[in-house]
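Pasting the structures here.
Both complexes shown next keep chain A, but they swap its partner, so chain B is in the first and chain C is in the second.
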Partner chain A sequence: MRSILTAQQNLARLYSRQMCTSTYAQSSTRISSSSVQRGLVVPYRFEGVFIAKGKEDFICTRNLVPGEALYGEELIFVQNEGGTEVEYRVWNPLMSNLANAIMCGVTNIWVKPGSRILYLGDDVCQITLSHLSDLVGLDGLVYVVGLSDVAVKMAEKRPNVITVFQKPSCIGKYRMVVGMVDVIYADIHSDEVHTITSNIIYYLRAGGHYLVYTRASNIYSTTRGKDPFAYHHRQKEFTPIEAVMLEPIDREYAMAVGGFRMPEE
Partner chain B sequence: MSLYLLYESASGYALFNCHGIDEIGQNTEAVRNSVEDLTRFGKVVQLVGFNPFDSALDALNQINAVSEGQMTDELQNFLEANLPKVKETKKAKFSLGVAEPKLGSHILEVTKIPCQSNEFVLELLRGVRLHIDRFIENLKPGDLEKAQLGLGHSYSRAKVKFNVNRVDNMVIQAIFLLDTLDKDVNSFSMRVREWYSWHFPELVKIVNDNYLYAKVAKYVDNKSELSEDKLPGLIDLVGDEDKAKEIVEAAKASMGQDLSPVDLINVKLFAQRVMDLAEYRKKLYDYLVAKMSDIAPNLAALIGEVVGARLISHAGSLTNLAKCPSSTLQILGAEKALFRALKTRGNTPKYGLIFHSSFIGRASARNKGRMARYLANKCSIASRIDCFLDKNTTAFGDKLREQVEERLDFYDKGVAPRKNIDVMKVAIGNVDNEGVEVDVNGATAKSSAKKSKKKKSSEMDVEELPVEPSAKKSKKKKSTEMDVDEIPTEPSAKKSKKKKSAEMDVDEAPTEPSVKKSKKSKSKVDSVANGEEKQTAVTNGDGTGKKKKSRKSVQDS
Partner chain C sequence: MSSLRNALPRRAHKERAQPSSRKKLGPLEKHKDYVVRAQAFHKKEETIRKLKEKAAFKNPDEFYFKMINTKLVNGVHMPESQANKYSEEELMLMKTQDIGYIMQKIQSEKKKIEKLTSVLHSTDNQPSNKHVRFAEDRDEAKEILEQISRKESMPTIDIPYRIKKKTSVSYKELEERKNRLKGLEKLYEDMALKKELQKKGKKRKLREDEIVSPTSKPVYKWRQERKR
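Presenting the complex of A and B:
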């Protein structure tokens, strides 16, 4: 019975996602600089993330592929001192978990321009992926591991995205493609507990960080549950830093941030 | 006992020798500390050999083998070349550290090299992975990333079964270009008409067609030179003798002013441009038809190339269209009306882009909505076949088209249409005759699953039911692999069996997700309305009760 319910929920989610993408298809609106308070875009406290101030504030990232809006998000054009135009893409927290975490006040996402990220996803979020790729810029790399054909298509446009069409739990299978990374961002149903931890052990450099999007009950409950880090025998290697509840938008979910083999201070 | 390390990278295989272990011991903590610093690590681990891959294809083969845990010949040669020889009877005095135990056991079987993969090896491999580009001298800083990029891409594409000929992006671009071209050709033609009318105003009223006008304008050139001897040529162009005579008469009595030769030349050039564009549009249309028959033959056979291409471009891609439920397909293109109606709790639209197919036009006003729904259902089936079936065949599209025609007849005259299962049996027979092999093996399990899906809306065939709702569900769930090699039937068969046990009604079970969905959407809608922004509507007062009854009749037939 439960499988029918989950199947129905998945169908409904797919349907609503379908409707969203089809309504926003192919048209990108240009916010004129006047509506964004004379084009005021200031850097946010994370490198690579900016805030566009106006009637409403938006977080945005600098667009790696200028002129292209993926899912109908707004593009903001700002005049630079040199007279050139810089283009920013608005990051929608309703559709992207990472933006949601930023809006909910995570202290540090550890993703900087030039860093390398491993994105593990059961269902790769195209939006988060595109913004991560914008964030790290051309110097950095985003490795995406997941069964998603849209990610493969997106990688054709963005040169810093490396896609691996494989399950994130089969770690050995993609060890030839992925190098050492600075940050691991995981969006996995934590049914297979060892997935995230073994990926970390293989690919995350010492002193690196991980961001895990998971159900809040996994972090705070005392039952021996799906928390991937609670009962790992190498527990002392994983230092949890914080857990941000993604409250108004995504109830019951949280973003857990932690460090791996942090140097003793 | 010396320990060697095998590290597979995107550029090639690398073999390392660890000789500092005696000092460190097998303690992982100590290894960890030494890993960080390259100089210390360099003392522990040294490169013995590096075998770069010959080509991208070779690299792809290697990664496929490695991911399965198999050893390829190249790897075997590389290992045997660089490791000390293992004598037959004696035990080897070294061991090889690998990342995966499966690969290790395979290496052991074939080459008798003992392998180990434990935490210690893992730690050492981490260090290697961190510093790999420093170890190998030939690699410049960006090379490894590029190799990874290329390898990742080709691996993913191979998994997704990327086929260049079946890229639906071409169709989407072509249909956009077609629309743009139409607009442009139209505006240019208007411009030609205006421009030339300065010289010869009467021509506009005589020749209505844009393309023809441009031709005639180019041919007539200066109207004062138009005489009887140009008449035959004019007749060829226009096709109508009377019209040609009219043109000649009008030219003699024309009120328009004379143009200088330079101006005339410019007008002629422009008219030539318009003609070229119009011809190009025809060629583009042919290209679109050809492409549609490549990537979505069934959809094209059912509703026509242009409407099919528009649907695909609106949905974003063929896979997106296939993932849509048929109710979405029905109103694809009428989103503005849909959301407006949902917000104001009015009547939702009955059809979107589907309206432009010929069937809806042929149905009577009362039945337009029903035909739209039926057509959308069949289009959904056709798009799914196109997306997931490997073979290129229009058999299903033709049969579906026949079904739609029969349903039209049914509404008009009351002629009972054939049962769905019979029609689909014929279709599958046709496809078999064309040489498609429907074998039980995984390769075409998906295609057979999709074929049996047509049988689903009738009652029979209990064995195939577990296959197709699983196929449909797995497609909709998006969580199973696109890899057709692994048959996703077993876990999903369990799910469908659970589903079957939950509802006793066997024939309702496979249509359950779609029926439930339409019931959900119907509960939002109070009654049916006209959609399509272009139409100003007369609301059709069909009650939902009637709709449900007609739905049941669709199910049964």
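Presenting the complex of A and C:
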């Protein structure tokens, strides 16, 4: 039992040392595996997100469960200067909305190693979930609320994922499991806005942020009825920060980022 | 005696070789090489002589049964055309096989493109989509604008030249595959249309003024017939 704990702690420490700043750092690690032959892995704009350049050119995260590719994506091995091998997983923007948003130029996703995330979704797609768990690292937590068995399977391998097999609209039913979170990522059909808002009010800490995948028409239309968070905007509880249209890949959809009960500056 | 002569080894005489100034012409030709060359030449000469003789003694009234369907075009025999050797069903079968093959190629190209796009996210390109930012008041809006301009002038990562070359090669490959897919799909559509035209069913060609979206290819309209 103690050996597992120490092993986990060691892993967490290793992971925290890998954190780089969000500016373009000079330190880049060379790759020496067969899939990305002699390329470069460089940290991208956010902590925990990297870009690999070589024969291929993709965005990736550091693999929390080394040696395992969940949905057939590529794994690349990197030789650090110290001689240790680090493994990264490709994050496909065509399949994951969050990666799409990052490629489309979101200024900040507010997900850092060590933060707690609540992932709301019906029929949860394991791709974004697995990468969120990679990003957050062993110090952080990802609560997944949704009716999906795939997420449950993933939680067996990843120690920082907690699955709640429940509809996201029944916020009371999982209040015993889920604590206060820093970020809420909502991938729900955008007509059920009240689920997102009630989850935000209940579980998001003051000063936390939310990332919502909605239709683009909700952002652009001026009629009050369409904007899902109009009431809360008026109440000054939700402050919208930005919205990125996920254009070439996903027409008509956008990722809206906002803050909850942001402190007055 | 021969055994005493064999005791002292005599220097072996070497064959004459090609001089070094003429090395580019190949090995020096010996008598055996000359013989091969000469025989080939004379054989060809002999054949040409015999053919000329035969042509000179040609019978102008000659007749062969194959002359009925063949013609002499510029002195060369043209056999009858290979066009209508197959029956209708055989032709249709072969056309379906052609279409099937093209479909196979289309699908394999699609799969390859999928594989390539899963690892080629264009990370360098500036995003071409809209980005909406919300600000509380004008001051914050100005701040945001400044932030954006500062970000754009930020230096990019230094990537060694050979890696940049590799990435650009991969992107070119992706482009070429996409173009190829387009061409294949066009071809498939043409072949499918031709096949449909050969089937039964009353159809007519639309005139220029009836066509809704102008295309270079002819547009057909089938009559409404209730299928069983």
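Heads up, the rule we're going with is that the second predicted complex is superposed on the first by the 216 of 265 C-alpha atoms of A that agree within 3 Å, B and C clash if a C-alpha of one lies under 4 Å from a C-alpha of the other, contacts with A are read in each partner's own complex, and residues count from 1 in each chain.
Assume a contact is a pair of C-beta atoms (placed from the backbone, for glycine too) under 8 Å apart; a residue touches a chain by one contact, two chains touch by 3 or more.
Only a predicted model underlies this, so the values are computations on that prediction, with no experimental measurement involved.
Trainee: So, does A:L94 touch the first partner chain B, the second partner chain C, both, or neither?
Mentor: So A:L94 only meets chain C here.
Trainee: Would you check which partner chain A:I51 touches, where first means chain B only, second means chain C only, and both and neither mean what they say?
Mentor: second
Trainee: If you stack the two complexes on chain A, which partner ends up touching A:I162: first (chain B), second (chain C), both, or neither?
Mentor: The answer is first: A:I162 touches chain B but not chain C.
Trainee: Find the residues of chain A that appear in the contact set with chain B and again in the contact set with chain C.
Mentor: none
Trainee: Name, in rising order, each residue of chain A that touches chain C in their complex.
Mentor: Of all residues in chain A, those touching chain C are 24, 28, 38-40, 42, 44, 51, 53-59, 73-74, 90, 92-95, 99, 103-105, 107, 219-220, 239-248, 254, 258.
Trainee: Give every residue of chain C touching chain A within the complex, in rising order.
Mentor: Going through chain C, the ones touching chain A are 117-124, 127-134, 136, 147, 154-157, 159-160, 163-164, 166-167, 169-171.
Trainee: If we count contacts the way the header does, which residues on chain B are in touch with chain A in the complex?
Mentor: Touch list, chain B to chain A: 8-10, 32, 35-36, 62-63, 66-67, 69, 99-100, 102-103, 122, 126, 129-130, 132, 144-145, 148-149, 151-153, 155-157, 159-160, 162, 314-316, 319-320, 323-325, 328, 332, 335, 339, 473, 476-482, 495, 498-499, 502, 513, 516-517, 520.
Trainee: Mind listing the chain A positions that touch chain B in their complex?
Mentor: Chain A reaches chain B through residues 1, 3-4, 7-8, 10-12, 14-15, 18-19, 21-23, 25, 122-123, 141, 143, 147, 149, 152, 155, 159, 162-167, 170, 172-180, 201-203, 205-206, 261.
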